[in-house]
Amino acid sequence: MKLSTKKKIYQGIAFNLFRLMSGILVVVLISILSFIVVRGIGVISWDFITKMPEDGMTKGGIYPAIIGTLCLVAGSMLFAFPVGVLSGIYIHEFVKDNWFKRFVKLMTNNLAGVPSIVFGLFGMSLFVNTLGFGDSIIAGSLTLGLLALPVIIRTTEESLKSIDNVFREGSYALGATKIQTIRRVVLPLAMPNIITGFILSIGRVSGETAPILFTVAAYFLPKLPSSIFDQVMALPYHLYVLSTSGTDMEASRNMAYGTALVLIIIVLLLNLIANFTRSYLSKKVKH
Amino acid sequence: MIEAKNLNLFYGTFQALNDISMKVPEKSVTALIGPSGCGKSTFLRTFNRMNDLIPGVKIEGEVIVDDMNVYEKGVDVDNLRKRVGMVFQKPNPFAKSIFENVAYGLRVNGVNDEKLIKQTVEESLKQAALWDEVKDNLKKSAYAISGGQQQRLCIARALAVEPTVLLMDEPASALDPISTSKIEELIHELKKKYTILIVTHNMQQAARVSDHTAFFYMGSLVEFDETKTIFTHPVKQQTQNYVTGRFG
Amino acid sequence: MTHFEEELKHLKHEMNIMFALVHTQLSKAKDAFIRMDKDLAREIIQTEKRVNAQELNIDRDCESYFALYNPVAVDLRYLLAVLKINSNLERTGDIAEGIARFLVVIEQEFDEDLLQSSKVLKMFEESISIMEEIEAAFENEDTIKARSIFKQDEIINKINREANERIAEYIRLKPDNVEQALYILSTIRKLERVGDQAKNIAEEIIFYVEAKVLKHSKKV
Amino acid sequence: MKKIFEKVIEGILMLSGTVTTLTVLLIIFFLFKEGIGLFGKSPTEEGFTVAVNRENPVNELSTDQIKNIFDQNIHNWNEVGGNNDSIILFRMDDLFNYYTEEELAGIDTNMNLLTSKIDEVIDKNKGIIAFISSKEIPQNPNSKLIHIKAIGLGSFFGGKEWFPTAQPVAQFGVYPLLMGTLWVSLLAILIALPFGLATAVYMAEIASPGVRSVLKPVIELLAGIPSVVYGFFGLIVVVPLVQQIFALPVGETGLTGSIILAIMALPTIITVAEDAIRGTPRSVKEASLALGASQWQTIYRITIPYASSGITAAVILGIGRAIGETMAVLMVTGNAAVVPHSILEPMRTIPATIAAELGEAAKGSLHYDALFALGCILFIITMIVNLTVQMISGKRTRNKLR
């Protein structure tokens, strides 16, 4: 066989195999999504979103779970966003490249890889038991916040790293202090990426189940929380309960499809918003 | 014989090369000079169809290498690239041993005879004036030698597949003066066997190494003549301005 | 040897040709002068075109080398020196041609007394010898030899200075031969300039080899 | 004034900067503080003890032996190094087999009576082994307390049984959980790897920008979907599918978990591997093409070897993700805490165990401590994974600098 023909055949086989496997992957994902969308779309209605669960969670809505997840997201971000961004700034702009910086970075990277269930254990031990918050929004939020922290720190650091030093030097050359430089020059440039990271970490936090299992989530609690020391229901945990340990699993299946769809919609929306803000804000910065 | 006939090249809607016709003399060095973005690198890369890799490229006209239009339908691009060697701006050896770097082109082109490979590697390294410096370290990583040596290794690598044409895209721009002059001397030697096209930002380099020089500006071939002529009494005012540094 | 060194070698070769050409012109001029050989004189006039062409050839080479190789230091001095030596040689060639043109138009043979008293033959010998010397100095980059040129030029100058009186005396003695005498005087004047050209060439050789500028200064 | 202001801000920044470090240290502290409580303690239920006849030469039994004795797998004392007597099990309720109701009248209130009766039983039966409340331990001359080996690292890691609520002694053998975790995770990676690498190569090298601009967000979305949704999907779709295809009694198996985990690990593998492949300098790839290599030859001879450390990092990160994943696995693997023999059996992983059991374990109990000890194991595994990845990618940046 001619050498060039042989090369072409091998290439053809390899490329088509890769194409096929990527294709399978897309098909799998689409089938997961469409399965849930098709089964769930009929369940979602205004009532579903705004009503309490009824009849052993086989009827009614998921209102308290939505509110609970919102509370948890808000609480965790209230903690994680400022701390994360400030940490990122500190690590990237202030610490010299010495063992301390490497250690902090190492720890941040390690924290990012710690499984969420370990965060759950830790949150239970520290916030629920040691600090005596009990199962509560504050304990759950802080646990989720810790989970989101390394993600926010990393995106902050990455976006700071991508800013050319000439901007900083330009500012210093005009007599600005370090803090002024960061506030007026560096941060505005880094903001699009930081915001994107922030939105994506919301997505992560809102879908997490393991960390809230023992820190906040309630199995069935058809009322809204009144203080940060209350337990709440949460969407992912609700889905878990509905699909594994409901009182009547067959009957609550529809509720489960609906809940799953709501979760997916949230993630999808957040992804879209993140992409949109990234392109919108970076355009704005450029002009 | 290599030649471009009425060559137009577009990146999307941007026309990067504008109706270029040029006959490249054989077994001599032809330098392509011009300001950044003038299309000289793009032109160089049409000879081995390296522009194919960039999405959205459209080409009109003919590029003839060895009496064959390389943009004709059904041309075996891999084979074309084997016949048209290329050396890049920065030394870019593969993460392999010195020996395997030079042997690579043979292996991917179906040569299995280890004896032949060994022989060709040695010859290529000798042609690239590198053999004496590396003959005892052929198993060493290609990253272990200096930048200038790496670039000569890349030249040896290109020579191993026995091309007729050698394209050089600013081959010395990343090197120190001594390595640069070694590469230039090498080019001078190689033109006895190969037709060499070299893109360079460095006008002095073009003057030193080439026999003919083509001046490109804004995607057009402004002037093409013997290097002596281009650097002593160019015909076009634009060329004059460029070679004297009075540009813009 | 680098590419540029090869080119410089080539240039030196061209210069040797130029030296040889001019040298031959001068020798032929002497022969033609002694034998009153008008054919040879015409040949000299013809050959002068070759000298001019060679001058242009070397000029062009130098121009290319300046443009293409950006010569510096000794290479730069060498090329500058070659440019000037080249034009000095060309003028020397002109001198030979000028003498040849006299020979073509002159009608009678020179008076033997005139030749003796004016020392014109001696002048010919000296100037040819100075050309040989300077050629050797250039060939070997020999600055000692180059410096010896200055002394030789003195001899030539001396003959030239004396020539006035001698020719005047000759004219007083043989007023009929005044035209001839003036030719001889003019020839001596021309040959004196050969010495000057050689002296200039010597200065250029010392300039490029030693990087010393001797021009317009007291000779060393 | 300005100076002070800046100093204050810098202080705040520094405090935030150290939060992660502090968190990691706190996690280590709290996990290990609770987890360490498991060791050195007797695995019997608090307030209970095991006693035998005074003349019985056996003084010490391991938890395994006790369990086997009470499960009636061991019938004779000589099997545990004692005399040739058959073993008689005795629990508190068994007292009524030895005495009539009249003889035991008033026993609920009279502690001494209970104690003496138990002592009597132990005295009478040479082969008896009694599981009794420690309050009832008689200072009686006729019975002797068996010393039960405390839980040590050996029995924790080597123990083949995880049965934290068993009586008389709880079984805290991590081995089956560890095996379950490894089987499920490794199989998941084996499934995910070909797809992940193929897709990464496809996206980085082959796909047109148009196709890539579709694939990329799809992969991002895949990464964003909560694990509980994957678990739900697995439960509804994959579980019945596996059950049918392999004709199993239940569809909740290690394989099911692996499939779901594979899907979940894919985005990590694809993203990291694609970045690594894209990190191959264009000029190196072009050099290969310029030598007449086909695109495919360039990919497998140049690009993939060049990106190999990045790809390794991707694989290890994927394993890390799979090992730590909780909810999806909990929902689909069936959670049987036995040493697996086949991937088609139900299995239980470490994170799933924690999630499933922590709700039932009383704070401070051995069970609770044991779950924290599991957390420690998980933490250490992921720490090793992370450090490995950082070492590999650190090496990669150094290589690139050359």
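In order of appearance the chains are A, B, C and D, and numbering begins at 1 in each one.
One rule holds for everything that comes next: a contact is a pair of C-beta atoms (placed from the backbone, for glycine too) under 8 Å apart; a residue touches a chain by one contact, two chains touch by 3 or more.
Not measured: the values here are computed from a predicted model.
In this structure, the chain pairs B-C and A-D differ in their number of contacting C-beta pairs, and the larger number is found at A-D.
Among the other chains, C has the CA centre that is most remote from the centre of chain D. Put simply, the C-alpha centre of chain C and that of chain D have 104 angstrom between them. Centroids built from CA atoms put chain C at 94 Å from chain A.
Once the centre of each chain is set as its mean CA position, chain B and chain C turn out to be 50 Å apart. Look at where the CA atoms of chain A average out and do the same for chain D: the two points lie 25 Å apart. Residues of chain A found to touch two or more other chains are 7.
In chain B, the residues touching two or more other chains are 78-79, 109.
Counting only residues that touch two or more partner chains, chain D has 294, 297. Taken together, the touching pairs give a contact graph of some other shape, not a line, ring, star or complete one.
Under the touch rule stated earlier, the contacting chain pairs are A-B, A-D, B-C, B-D. By the touch criterion given at the top, residues 76, 78-79, 109-110 of chain B touch chain A in their complex. Chain D makes touch with chain A in their complex at residues 2, 5-6, 9-10, 12-14, 16-21, 23-24, 26-27, 30-31, 33-34, 194-195, 198-199, 201-203, 206-207, 215, 217-218, 220-222, 224-233, 235-237, 263, 266, 294-297, 299-300, 317, 320, 323-327, 331, 351, 354-355, 358-359, 363, 371-372, 375, 378-379, 382-383, 385-387, 389-390.
On chain C, the positions that touch chain B within their shared complex are 2-4, 63-64, 67-70.
Chain contact summary for the complex, chain B toward chain D: residues 48, 50, 53, 55, 78-86, 88-90, 92, 94-96, 104-105, 107-109, 143, 154, 157-158, 161, 167.
Residues 3-4, 6-7 of chain A are the ones touching chain B in the complex.
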